[in-house]
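Take this structure, written in structure tokens, and hold onto it; I'll ask about it next.
As written, the chain order gives the labels A, B and C, with residue 1 at the start of each chain.
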Amino acid sequence: MISPSVFQEDHPRVAEDSVHEADALLLDIDGYEGPTDVLLELARTQKVDLSKISILQLARQYLVFVERAKALNLDLAAEYLVMAAWLAYLKSRLLLPREPGGEEPGAAEMAEALQFQLRRLEAMQNAAGKLQTLPRLGQDVFARGMPETFPVTTATRWDASFYDLLKAYGDIRRRRENSSYDLPVFNLMSADEAMERVTRMLGQLPRTGLKSVWTTLESFIPEDIRDKIFGRSALAATLLAGLELVKQGRIEIRQDGLFRPVYLRETSERETP
Amino acid sequence: MTPAPIRLLEALLFAAAEPLSVKDLHERLPEGTDIGAALMALQGYYEGRGVVLNEIDGKWAFRTAPDLGDALKLEREASKKPSRAALETLAIVAYHQPVTRAEIENIRGVATHRGTLDFLIEAGWVKPGRRRETPGKPLTWVTTTSFLDQFCLESIMDLPGLDDLKASGLLDRRPAIEVIPSSGDLFAPADRLDEEETEDM
Amino acid sequence: MTPAPIRLLEALLFAAAEPLSVKDLHERLPEGTDIGAALMALQGYYEGRGVVLNEIDGKWAFRTAPDLGDALKLEREASKKPSRAALETLAIVAYHQPVTRAEIENIRGVATHRGTLDFLIEAGWVKPGRRRETPGKPLTWVTTTSFLDQFCLESIMDLPGLDDLKASGLLDRRPAIEVIPSSGDLFAPADRLDEEETEDM
């Protein structure tokens, strides 16, 4: 048997906790401002001063986070994966002895840079919090409620902000771009298309008496769809077509529970052409 | 330090958007405040100052002292917003200067109303630059120092570039796919076109 | 009777809702007025009162005393609440200014979404500063006087915790780690627009 210490890295004792943390973060992934923000939150769970944080542990926590996302089939934005790759690299560098004469940046320097990044972001998040606690004009402190204005001898005071100016320019540029702008074309299955397809296929189903056999919704969707968006739109459009046919009393639809397959069957007398 | 109710009264009258009646003040000051006495005391503070506490029709308000009117050329006047056409023209001059009138029209895609440039000149934001060394020697237009003042810019070099505008969301308002179902953004800007046709000054 | 120039100064400042610069005051006060001394005298009159004379970024304005906020019970201005991203960006601009967009993105570790900077520009809190004298001459961003006025600060030196942050070296704007695909280093999104279009799919 191999001594466990050799593979200590592969069996981190924090695994259970990390999975828990990772899931909590993944639940609220929209609430985070990117991977650095997530890292900062993970670092906070170590409950030590950021200058004493274990970068190795932090890298593990983050990699667990990304692994969990993959296990749960969640799409993480590319930036999260880039960070994972960087941390995996950092982790390996921290664990392996430094190659003599290597030109790559030292692992210690990388870890220090990461730590600085986190401390700086934390400082700015705290600063944002402090800004919010300052008294605010119009909320705690008030300006003159009935201002009287003194026109300069030459002209009226023009109320045009810098934003107005930029926006005006942005509008012009946009107008010009729009004149030659084509709407992006998305390859989607339309409801009509799905309706046509479902009606045609229903007619070919084996029947018992007045009713056809129960058939899953998925079997009405074209096979071999590579385009994810098209696949989703096909599913949605087919379901929509199904519901419309139910409304018309031509089919029945059934689902035995949440996330279980949806079945359709034809019920009406087949129309004789 | 001035007694608390008088401080509060002073702040209230200062910040109020309209003259306040004794009843209004009653509701806002601590219970038991002798409002009459407080108003008298406050009026006393401002005796002979640049600001006076006036009673008009049973309501109270601070006003600048009437005898200062001449010295201050005090006038009540709301500030005005330049028209959209004027702002757009100004923006083009700012970004493309020196620029001729024909070029401005070309960039805006709309003929420029005579009054638009006149307005910008009168406001002191735009002035004539050198004549272009091309046939017809057209006059070019440039922005002035007072333009920089108005928009708190130190130099014309400090205008955000196209990439900055893009990144801050000012340039590109193309609907992203996620807004299609929820808002009508995609088909809405019909009203924007109407707006452009009328070049009001 | 208070001396005439101080009365005029008081009337001018009292009447204005926006802070006035010494230059503004110069234009409107009689020639030869010692504006500095007059301001000091006026500020003295209002010491401890319900309304106080504040200096904001070298400009002057009367404001209600900050301790009266709760007691005033005035209608609060319904202001659009900044998003977390906007507040964080505002803090970074305030503490690190002048700061380029790439630097903001690096500090936050994310690309700036549309709507973040333009919210801050629209609110009048942030404006472009000078271009940085580095390759590409990137535009920098700084806070405005109106930001200071809005957050009741006399100058950016009064930002909470500024000295501590400086001392701890955390106000270094240089990129710490280069894994952020923000400024186009990594994926070189020459075409950031495409990226935004597809990001939510």
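The rule is short, and it goes like this: a residue touches a chain if its C-beta (ideal position, glycine included) is under 8 Å from a C-beta of that chain, and two chains touch if they have at least 3 such contacts.
Just so it is clear, the model here is predicted, and its values are computed rather than measured.
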- Query: More contacting C-beta pairs: A-B or A-C?
  - Reply: A-C
- Work out the mean Cα position per chain and let me know which chain is farthest from chain A. B
- Most central chain, judged by mean Cα position vs. mean of all protein Cα atoms, is C
- Item | Chain centre separation in whole Å, for chain C relative to chain B (CA means) | 18
- Item | Centroid spacing, where centroids are CA-atom means, of chain A and chain C in whole angstrom | 33
- Where the centres are mean C-alpha positions, what is the separation of chain A from chain B, in Å? 40
- Message: Quick check: what residues of chain A touch more than one other chain, meaning two or more?
- Response: 142-144, 148-150, 161-162, 166, 184
- Message: At least two partner chains per residue is the criterion; list those residues in chain C.
- Response: 12, 14-15, 28, 62, 64-65, 72, 74, 118, 121, 127, 197, 199, 201
- Message: Touching residues of chain A toward chain C in the complex: what are they?
- Response: 33-37, 77-79, 82-83, 86, 110, 113-114, 116-117, 119-121, 123-128, 130-144, 147-150, 152, 161-163, 166, 184, 229
- Message: Could you list, by residue number, the parts of chain B that touch chain C in their complex?
- Response: 1-2, 6-12, 14-16, 28, 30, 45, 48-51, 62, 64-65, 68, 71-72, 74, 152-155, 157-161, 164, 166-170, 172, 174, 176-178
- Task: Sort out for me which residues of chain C touch chain A in the complex.
- Result: 12, 14-18, 27-28, 61-66, 69-70, 72, 74, 76-77, 79, 84-85, 87-88, 90-92, 94-95, 107-111, 118, 121-122, 124, 127, 149-153, 159-161, 165, 168, 170, 172, 176-177, 179-181, 186-187, 197, 199, 201
- Using the touch rule from the top, collect the residues of chain C that touch chain B in their complex. 1-2, 6-12, 14-15, 28, 30, 48-51, 62, 64-65, 68, 71-74, 101, 112-118, 121, 127-131, 139, 144-145, 192-193, 196-201
- What residues of chain A sit close enough to touch chain B in their complex? 142-146, 148-151, 153-162, 164-176, 179, 181, 183-184, 186
